[in-house]
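There are two complexes below, and they share subunit A, which is joined by subunit B in the first and by subunit C in the second.
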Partner chain A sequence: MVSKEMASVKIPDLIGKSVPRLDARDKVTGAARFADDLQFGPGLLYARIKRSPFPHAIIKSIDISKAQALPGVKAVVTGKDFPGFIGLYLLDRHIFCRDRVRYVGDPVAGVAAVSEEIAEKAVELIQVDYEVLEPVLDPEFGASPDAPLVHPDLSEYEVVPFILPRAGTNISNHFKIRKGDADGVWNSGQCAAVVERKYRVPHVQHVPIEPHVAIAQVNEGGTVTLWGSSQSPFAQRNLIAKTLGISQSDMRVIAPYVGGGFGSKAGVSMEALAVAIAMKTKGRPVKLRLTREEEFYTVFVRQGLVAYFKMGCDENGRLLAMENKFYWDGGAYTEYGVNMTRAAGYSSSGPYEVPHVKTDSYCVYTNHPVSGPMRGFGMPEMHAGLEQCIDDLAEAIGIDPAEFRKINCLKTDSILVTGSKMHATGLPQCVQEVIRAIDWGRKEPPSAPHKRRGKGIALMWKAPAMPPNAGSSAWVELNEDATVTLGVGGQEIGQGTFTAMAQMAAAALGVPYDWVRVAAPVDTQYSPYEWQTVASRLTWSMGNAVVNAARDARRQVIELVAEAWDEDPEDLDIVAGEVISYKSEESISLKDIVVYGLPKPNDSGWMGGPVVGRGTFMPTYVTGLDPETGQGERAVVHYTTGAQAVEVEVDMQTGAVEVLRAVAAFDVGKAINPELVKSQMEGGFVQGLSTALFESLQLKDGVLQNPSFVDYRIATSSDAPADIHAIIVEVPQDDGPWGARGIGEHSMVPTIPAIANAIYDAIGVRPGPPPFTAEKVYLAMLDAAIAE
Partner chain B sequence: MAFHRITLTVNGEIELVDVPSNMTLLQLLRDKLVLTGTKNGCAAGECGACTVILDGEPVNSCMVLAAECDGAQVITVEGLAHDGTLDPVQETIIEQGGVQCGFCTPGILISARALLDRNVDPSDYEIRDALVGNLCRCTGYLRIIDAVREAASRAS
Partner chain C sequence: MPETAGQTFIHTPTPGLPEFDYIKPASLTAASQFLAEHAGEARPFMGGTDVFVRMRDGFWTEKYIVNVKGLDGMNDVTFDPTTGLTIGASVNMNRLIASLEVKEHYPLLAEAAHTVASYQLRTRATLVGNICNASPAGDTIGACMVLDGTLHIHGVDGMRKEPLSTFFVGPGQTVLKPGDIATAITFPIPPAGYAAKYIKLGRNAIGDLAIVGVTALGFPDRGAPSGYRVRLALASVAPIPLVPTQAEAILAEKPITEATINEAAQAAMDASTPIDDVRGSARYRKLMVKNLTRRAVTQVWEQIRE
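Coming up: the complex of A and B.
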């Protein structure tokens, strides 16, 4: 494997250098194009969606005649028109509901008209008769035999082999861990301390500042073009083509810059609606742009979680056993929820070595909005409880919580919850770094007499959760002046991946960074295949493909010049855009070679020609897990690990929690661009802080009460702490490009429990489920009779 | 729907447009003048992505009717750079790494420019306060605050 070899050789100067983002200038001048900025001319139609007002009901009849008769309306479609199922792992939904609605907002019909106003009016004219059913509003109840069934036909749905739905229930996946003998540990009384806790984590939303938008056009011959704000152009091509019964090559997805994704724009959510409507508009393009209100509950939300933890340790603080039960509120359909449930299961020990683990992780259908992937993919929700429980266990055995974590955290070669061995990891260094940076153990005086200060720490781990064989590809093409066009299929969603990829291509090829351009927007018709921009997998997976492509181009150039100079390719190199020979000390500029080749001696012809390098990468070593025990040789490609610590101040008169400063340390293997890595750690921390202190989708009988920025508050410039100290730890990944692994999502995983633990340290009371609003903290202090 | 013929100056260019009564300034900029740098994030005056400078004041352009802008001076993100030279706050936000997805960036730059126009030496509190109506989900704000502080110090 190329990258393994690369990790052992000298690291090029460009790797580990914080070059400026290549998209920054376009983004500060307004030149950067997002999907809603694309121009389609006067033929463009506007779509609106008729949505279910009930969380659970049977559709008795739909009357679209009045809507069809409205002047300016060009098409009205319903589920009758589109019988196919769609879904990433479990095909459990239609594009439009056909016989049943399962959440408030479920699409029932769609309209295309010459203006948004007319489309909106037409939607109001559609009449739907429902027979209202009892909804399922809690995942734990939903998993019980008493719950009404949200998907009575669950057993008939098509599903991938590693997801295990239970027929006749609302459980769309049940993942089990049976490692060692947890029951035996509890019964034998070996534990010096045991704690049992229950935690609840509410639904939140990703809140990209750019709402979802999709524009679809279907030509006479049936080929489809979709422009959209998308993390997953290739997955959308695949899933939508399959459900429409067309070839993937007749379905084209063009994806310009994404104005924030965080998982909400992965897979297929509203995009299929635009395509379905466009099938009835005789070649005219159709734009569907969600309102901010729709954004809050009609595309993905983060899963809710009810989690039970039981943990025990010996008198020295060594973890002996865990018994965990997770009820994931997967919502009405499960594009990704089933796999998050699986990921939580195979990560259910947290970043600790625990000899005996018993876990049951259930994905449960409810009549809540569709739960999708959000930054962290289940890990922030799971760690929220797990890392508070670890603190409580440390307290119960009388060991400092940071010390307790040092004792138990994963080290290289630790035995994991799935039975395999941990790869090389810098988690112990991360713990050490945050303890030092936060001045652990030192209590500063509060800023006012009615305030109290506290510090909290939390660790995390997370693997890219994906099919075992998710692949990447790339090409590298040299232009006349030896600048480089780099083709990738992964998306620039703000994380800086185009910049990191350009750096890697330049470093592997031997040209300056500013010679590289990324072929954007990603277009499935021209861009190389990429599974999806999810799972914090691009730096590692797409990075390997890019390095392979650049090295392929480099090989072509060097072989050509070696032949021309009659030298050994081993003696040649490409440095700063020049091919040089260490032996003959000859040199030639790339621009003199890469398109037109080189003349043969004595005017006898030409050799070489255009240089195009290709590279692919796909992990080949991930194995299945035993469905009864969750044990197997290698569950995932790797785990990124890390730690955060915070210092907070709690106002004893109001309950307001202020995060004064934060420190974060993550083992990223190798930081390709350290400032971009730190930016992820900072931005992820504030997003985590926002979910810890402010955010919750308030669902009442399945109806969202707060779908606006006034009622659903996210962190603003005044809420960011004064300082976020980001620390990069680098223990190389054996198959990462120069050792790199991902960091984007991990940065918000430990934030809720770090803040919760700091609040407890400050006031001695745990305020219950997040968000830890002033009101909730004040009421908790009132109960404990410590409020002032 | 009644139409109104208005004249306004956008980024130094005089524009003559016919606008319906219910059209917002945001719609005028994006849909009629194709100045798509100004973003639509909520259409409810809550996220700040559509911030422009209207007669010297930063406003949410989704909350202003186009018909009211007759005779107005408007500056959008496209008007911050002059002859290829970036505004100091555009330069510093790049240098400090305050750009990620870039969707809130135009509104943030406009709010920052409006702040620096009225206060050449803002405190950190004043910077945070000036940006409190511009939601950003990517950066965590600190690098943006650093950029505004740096732009102010370069001007002085």
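Coming up: the complex of A and C.
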């Protein structure tokens, strides 16, 4: 761990410098290799998957004989072949369904054949007889005693200690907050204003430009290699090895560049299918690549949410109490999703200090697609309602919504919803910055008589949601010419982490940035361990490991030179690739020492040798929370906070909403690479805008109606405002590298409510759940008799 | 229950295209003959932007794909100041948009083509293909109709002309018979003093199919009681591209005022028969026909008056 003194040490020039991305050239020229680019020769087999056409059914029988008989088919597998369970936090999934299907697309059987076409034909020849069951299509109903059970065996599933399933129900996690006495506040009549609201947020999808691809090969001895588009090579190694009952060391995951992840390639989704099929075709690699349609309905989607908020404040606008109830639509399997509902629970006050909070966050099984991690991990969905409700409460008490947020937002040392104290935070500065940048309070005239303008603001907070002991590691190896090879296990998924890591390694070691090479692709056989590329945790956690590894290498070099020069190591430094002495003013290039060491005097031998630094990091201070109250000493490692404000224009004749400009300010602790931080703020805003205005998985009786880009619209650059003003606020994190904390996901958390609040400011109507499509806005205006 | 009995069965497209034979005839005559001889199992293709998608999705299962690009002058754009514009069937939309003659004399065609899909797709997509695909949502069809376009068809009996007003029969269905190949579309010189507008309402700014599209073309006409004629065409609100004749009649007969435009917009709305689908409800579509017809006609009217 980088100790607290870090915040006070001098920050190297390279930290805070927008150096060019390491991967830009390869990606722009097409040289970068992605999973589907890898060549496996003529032995490659192709897999296709037989999937459930029903949202909920019992499998009565499966007949694979015709498929097996088809020439060119090399293997047909079903759930019978793989009895084990798989999952990250709750083991509720089989690789292939064994007795029951739980969503349209649930894998029932897999085929490997010499071509994709033959595999597809074989899939059509597999006959499955089902007994159709009543599906659960709504999380609130799913949580009720009347709902049919999606997982009757829930009580028997293996689960991590901090997730609390309710046996005999569809509730796979119930997280509670009981802070203070919210009931008492309501009963006492202390509140000058109370607002109660219900919100709904639909399922959306990550839609990475590169669909999921996995290639698996099992050799005769049983060792497994998996190549895939992956955010989580190590988690995949661990989870798949456990399910198949093999050693983690016999399971190797190689992860080339990723064409977008956003959470969809975290944990394990379709990768286990490829491995399972390859178990039956030993020696021959098997490739499974999803079609765009499969991408939409068979891998992770974002959880849907039905949320109830009740908020009250005193006559000065000070928040007194909140009572929140969340029904998360977890879909068919919640092995990963359960932790999102926990995260939403321990963040359920939003970024506000509220003395009395009562929260119930339920993760509910439904027969919808599998809900899993997506950029923001529950926070965009929760903030969507919470931040609109805050606006309504501000209006009810007659205080400007920006002012109301200034009064109530978290400050350093505020008491959090889990009972602990907020660390140093720049949230109040973020609020100030966006208010200033959006010219809050000034109403601009619309661009045409049939349009109206409005402004909206929303705040956010989010902690890395992960096990308390998620770890990182790194190595730093110096080459003959003193260039540096940096080994990491976190993945470059477009966010620029390899660049930031190279910067940190260079800064901590004392060499120029362009001397550092990242050892890629990440390969669990050679790369150091990393839990997963999720939770916006790499800059902070992997960054700490990298800095530690670079400092370890630096120490080795300095100790060697100190011995050679007979000087105190404290007087030596490494600057721009030269070891220098502040005392003797001697210097020597790293090139001369880092592999072959240095000669001892008088030809009496050698000292030193190859330099390899190692570093690890794991938070050690996260405590458990009381299962009845959600109170504890330290629920999370830290919170990144921020704010967005937008200006919109609504067409009164069509309902179309245009976002004219956006401002974003986030407290990132320390921006290692400001341009990359701003890119995250811009990209996150556009993805947030897309979910606010366009995106929704339209499910009808469990069947997806829009599984392609024809009818699942996402924002293009033409839909994004030309002006997204990103503002970096830096209040250092005590245990982050040079004070840094994450920003990748946070940038889309407040966007839905910021836009919703701006629409309300423009037209005085709230158009209901996102997406705020032109039709929805127009019909809401029609109901309010303001449409033209 | 066998899954085929399931009402909820989801269509799952295959990863690749089905097998087909690719035919490249040497002449229009040979092409027409092949297509006629293989009626029901052969399909002509131009840019392929609809053909390959529909084949991959399993909706079209023709055994033969007949490449008719590049036959007998089909790749030409020509303009004659007396007879008008000819656009060959295999001229892609980006070429159409870039054509100086189109820009000068028929900017509506470029405007409408510009709303089709994306730049990348428009390097393949063709105007004639957009028409022959006969989607009620076709973005360029309205422009071709109000500009009085005529399709030139090569069939087994030789060349003939088809006016667009009677070309469309239903969604994806036209009067074309097996063996017919649309070789070009021609447009007369537009009426003097005309102005035109295409307003497309999509779910997002670019690349979408029209929820509603309204094309309006107006010009002074002493023969009309109002002194003007306005041609209208509506997309995505009926089984075929719709001409709201009642609305056109109102604008020809009554002095054009805000009230007349409102009345015409109402008539256009009344003529439309949209459906509910994932892109929009019938109710919203009808309301938008009214609002966007009003908007399009008003904009055109402001340009053509005096």
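By our rule, the second predicted complex is superposed on the first by the 786 of 788 C-alpha atoms of A that agree within 3 Å, B and C clash if a C-alpha of one lies under 4 Å from a C-alpha of the other, contacts with A are read in each partner's own complex, and residues count from 1 in each chain.
Simple rule for what comes next: a residue touches a chain if its C-beta (ideal position, glycine included) is under 8 Å from a C-beta of that chain, and two chains touch if they have at least 3 such contacts.
Just so you know, these numbers come straight off a predicted model, no measurement behind them.
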Touched partner set for A:693, first subunit B, second subunit C, both or neither: second
Subunit B versus subunit C as contact partner of A:411, first or second or both or neither: neither
Touched partner set for A:718, first subunit B, second subunit C, both or neither: both
Partner chain(s) touched by A:27 [first = subunit B, second = subunit C, both, neither]: first
First (subunit B), second (subunit C), both or neither touched by A:129: second
Which superposed partner A:36 touches (first subunit B, second subunit C, both, neither): first
Partner chain(s) touched by A:55 [first = subunit B, second = subunit C, both, neither]: second
Partner chain in contact with A:555 - subunit B first, subunit C second, else both or neither: neither
First, second, both or neither for A:496, with subunit B first and subunit C second: first
Common interface positions of subunit A, toward subunit B and toward subunit C: 291, 710, 714-716, 718
Residues of subunit A that touch subunit B when the two form their complex: 20-21, 23-34, 36-37, 39, 206-211, 257-262, 291-292, 493-496, 675-676, 678-679, 682-687, 708-710, 714-718, 720, 723-724
Subunit B residues touching subunit A - in the complex, by the definition given at the top: 30, 34-44, 46-47, 49, 76-78, 80-81, 86, 90, 93-95, 97, 99-106, 109, 127-129, 131-145
Touch list for subunit C against partner subunit A, complex: 1-3, 6, 8-10, 12-16, 19, 201, 203-209, 211, 278-281, 283-284, 287-288, 291-292, 295
For the subunit A and subunit C complex, residues of the former touching the latter: 48, 51, 53-55, 57, 104-105, 116-117, 120, 127-132, 289, 291, 293-294, 297, 653-654, 656, 693-694, 698, 701-707, 710-711, 713-716, 718-719, 773-775, 778-779, 782, 788
